[in-house]
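In what comes next, chain A is part of two complexes: it sits with chain B in the first one and with chain C in the second one.
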Partner chain A sequence: MSVNKYTAPAMAKEKEMRALSIIPVSDENKVKEALKHLKHLVRKFRPLMLAMESCTKCGHCAENCHTYLGTRDSNNIPTNRADLFRKAWKATHTLEGRVFGKLVGAEPLTLDTINKMYAYFYQCNECRRCALVCPFGIDTCEVTFAGRQLLHWLGMVPSLHASVGEAMYRTGNHTGLPKPGLVDTCEFLEEEILEESGVDIKIPIDKPDSDVLYIPSSADFLLNPETMMGAARFFHYLGINWTMSSAIAEAGNFGLLFDQRYTLRFNTMRLLDEVIKLNIKKVVWGECGHGWRAGKMYVPSMTDRPVPVPIVHLHDETAHYIRTGQLKLHPEVNNKPITLHDPCNFSRACNLGAKLREVLNPCVTDFREMTPNHERNFCCGGGSAILFDDPGMYDLRIKFSAKKAEQIRATGIGENGDGYLVAPCSICKAQFYPILEEHDLGVQVKGLIDLVGNALYPPINI
Partner chain B sequence: MPHIEVDGQQIEVDEDGFLITIDNWNEGVAHYFMKEEGIEELTEEHWKLINYLRDYFFQFGIAPMIRKLCKESGFNLKKVYQLFPSGPAKGACKLAGLPKPTGCV
Partner chain C sequence: MTFFILQVLPYIAVMIFIVGMVWRLCRWLKTRNVHNVVLTPTPKTSCGVAVRYVKEIFLFRSLFNGDKSLWAGAWIMHVTLAGIIGGHIVGFAFLGQQFIYMGVSADTSVFLSKLLGTTFGVILAVALLYLLYRRLSINEAKLTSYFADYMHLILLLGIVSAGNFMRLVPGYSVGFEVPKIYMIQLATFQPVTIDPLMNTAFIIHLLLVQILLIIFPFSKLVHLVGIFVNRLTVDRSYVEPAPGMPVANAGVSVGNAASSGKKTT
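After this line comes the complex of A and B, so read on.
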């Protein structure tokens, strides 16, 4: 395997790729195989064809991409990222490319370009801010996703993503949490809720004939206890007959991020199977941005049979119950200066921005919008699980979040060192825990349902 | 795969230096990682966390929720970071021989 001269995440080893049923392609065969996949992908996906043929290099995407703003590396300009694909496409599949070559932006694919693709397709947060501003409607995110698909078929996937894929096959969640661990963790959280607010709440697992199947982000069991507790408080308060499932304790779907074929479909079918098995009436999705995008935008077209029940987001639900006056909230318990980070996959991809505010506003006393916001918001810099710890990639995570840090600082919420940054997505949270420290912002990360849970059950002494 | 050498023995680790197989762990491994972690000496408090993590892993097949780790050990998160500068997941779990946590963490 050649050494990658570009800054790139540690790549999965052959053993890890075989666990995903992929046999890595040797270096000498990579170009040939890649060209085959490229042809297949462009023919199959219309948006990709649009991206190949329509870009005029107007440059509008450059200043709107936080990865470029943070690094000033021209390879991170969205149109240049797509060029890694486009040049090879032109060289092999267009007449002008075959005749005029470089003059019309065509360039034969090489092993070096493939290595560069691996580096720069995994330096893209898949946030789609470039798609929002492109006058031609080119969604470079679709190009990098297609590029990642191609790389997956070549056996080039970051170790982090491959290990998550493997954990999902094995346990039904991304952290590899087996049922005994899940049960123990939920019992611990039940005790915590009882201790904190004197309310005896059960967190049911695998309970058949439940009205609601709640699928949390599995990171909530390791890092974000208040998010799981908030959701439990919410369901309990409303008297909803709910459960979680040990077979699919996962809102995320890394298939979206590295393999939109088998992995995306497999994880989705796993959920639908469980819905049938437990006789569920409705699925409620937890605080996970990319997972909700997969759930909302991809599930209907990805499944092998009709989707039998409604699939909604937790914050569609909370907004509904607030609007209909069924939640009594005590905003004074959340009295810190608070700002909201719009997860890209919620506010740009799934139109959830207004609902997030509808939920947040009645739960807090001092909410300050950051600018820009809603669908114009900037990514946290960790989008699509660019959560790598390799030193080179970690430095990039800090740079990718420079724009976000500037936005947070401008709200002034951290001036007294007690601000809350509400980031209702596990990838955003995992990015922010270390990154807020790196930028010395004086704020803590919170989920949104965390604050709803607090406001439903205020501590007795307030 | 990279290796580390502990007491003349080659032990396989992943690219972030976590053990591939928890069964290869021994106290020498904890002492080896201690240097990387910038810890001068493994005190009783370090061992308390390491042993707790290992017991939990063998019982439940995963590392405990960080909040539970703090509660059961009686150390707050700040104290855990004082003991293991890279934190509970990347520091303490590594010394205890647990695999690197996966997912959005």
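After this line comes the complex of A and C, so read on.
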């Protein structure tokens, strides 16, 4: 394995790659193989082809990418990130590139470029803010998707992503929790709810003949228990016959993030199989940004069968029940100064921006928008699960979140050290837990459904 | 040489332009929109999408929302350019007398035509200079530019400058008649009768335009077509599934705070 001179996350070992059914390509063959994949990918995906061939290099995307803002590393300018692909594409597949070479930004692919791809495609949060601001709608996130796909086929995947992919194959969730673990946790959380709100609420797993299948983020079992309890309170309040499934206790789909072929499809089919098995009428997705993008936008194009039931997001439902006046809420229990972080995938890829506000506003007393907001909001810096702990990468996570910290500070919610940052996305939460401390913001992270749950069943001992 | 520029190269340039653009468009349309990659919030109806599409293409909406000075430079540059291209066609076709249909005299019409052309030409030159200045002075623009990116602006500046030179320097104007006859002769495949030594500025203007046509399909200038294709990929309408969950009839105990209205829709 070559040593990467760029700051990059620890790479999965051959054994880990084989667990994903990939045999890593040797360094000597990498360039040749990569060129094959490059051609295949660019010829196939229209947004990718247009990113390769119609960018005017106006540079407008630069100051709109928080990774560039946080690092001032020119490789993190979206269009330059796309250049990692574009240079090789121009050099091999365009007339102008073959004739004029470097003058028009063409350069033959080298092993060094591939290492650079590994570094910089995993420094992209796949947040699509570049696509929002580009006059042509050129989506550098699509280039990152394709870049990571190519790297996956070469056997170059961060350990983090590979191990999560493997845990998913094995257990049906990213945390690697087997069914007894899930059931235990749910029982524990049921007791917590009883203690906090005085209501007996069941959190069912694999309950046959349920109407609604709830797809939580597996992180909600351990890291974000309030989110799990919030969802349970919401379903219980409405008297929904719901369940979760031990076979797919995972809203996330890392296929979207490193392998949009087999892994994305495998996780998708796993969901559809469970829908049939449990005789589900509707699937409701939990708080996970990229996962919901996969669920909403990629399930229809990835499945091998028609999707038999509607798939909606939890906050499509909460917004609906709030709009129609079917929830009696107690906003006074959520009386902290609160701001909302728009998960990129929700606001720019899944149409949820307005709904999040419809839900949040009636549940709290002191909501302050950060600027910019809705689809113009910036990413948390952890997007696409670049939640690496290697020292160099952790340092980058802090830098990528600099813009976010500035936005949060400007709202003033942390001035008394008791602000809430609502971030209804598991990866956002995982990024924020340490990062808010690093920036010393006086703010805690909450899920959105956490606050809904509280407002529905106010704590009994306050 | 002048003969080549006046009589031979125009055919080559136009052929390369047309074939090149068709080839480029086919190459793009052979790719697929595999997944739904709309940028949200999306318009809800096709009508809304059409409005968005027009705003993006004719008003540069995304650029406007993001960077007003780049927007101003780019938009003014494109609008004056479009105006001038239109003006070339109409002006030569009607010999500057197009405005008599708006009720003015022939002389006034020619005067207006020249005034508009000159004004647009000067504004276009200024806008191009601004864009060039921006590329050379703003760090982010420098970091993203290749040699070709400067050259495109310089080439356009060359064309515009030659044009403005003919307009503004007495004695170098070619009027409306000469280019019209020249164009007709080219279009009908006749030998051109224009005096090859007549006007260096005109020859240079013509040569640069032909170079532009030749490189067009093989440069970033294909964004002219790209914007139409790409916007259709990211700006689409999306219909949300109906909200409301099926309600259980039995087996679930309803908590203390449950409200009465639990109907689904």
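Methods note: the second predicted complex is superposed on the first by the 459 of 462 C-alpha atoms of A that agree within 3 Å, B and C clash if a C-alpha of one lies under 4 Å from a C-alpha of the other, contacts with A are read in each partner's own complex, and residues count from 1 in each chain.
Going forward, a residue touches a chain if its C-beta (ideal position, glycine included) is under 8 Å from a C-beta of that chain, and two chains touch if they have at least 3 such contacts.
Given the structure is predicted, the values throughout are model-derived calculations rather than measurements.
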item: Residues of chain A touched, compared between chain B and chain C (which is higher); value: C
item: Which of chain B and chain C A:160 touches, first, second, both or neither; value: first
item: Chain B versus chain C as contact partner of A:192, first or second or both or neither; value: first
item: Intersection of chain A interface sets (partners chain B, chain C); value: none
item: Chain C to chain A touching residues, read off their complex; value: 24, 27-28, 30-42, 56, 60, 62-63, 65-67, 70, 74, 138, 140-141, 143-149, 215, 218-220, 222-223, 225-227, 229-231, 233-235, 238, 240-248, 251-259, 261-263, 265
item: Residues of chain B that touch chain A when the two form their complex; value: 1, 14-16, 59-68, 71, 89-90, 100-105
item: Chain A residues within the chain B interface of the complex; value: 10, 13, 159-160, 163-164, 167, 173-178, 180-181, 184-185, 188-189, 192, 217-219, 221-223, 225, 252, 288, 385, 387, 389-390, 426-427, 429-430
item: Partner chain C, residues of chain A touching it in the complex; value: 42-50, 53-60, 62-64, 74, 77, 79-80, 94-96, 100, 102-105, 128, 131-139, 142, 198-202, 211-212, 236-241, 260, 281-282, 284, 297-298, 300-302, 310-312, 316-317, 319-320, 324-328, 347-354, 374-376, 456-457
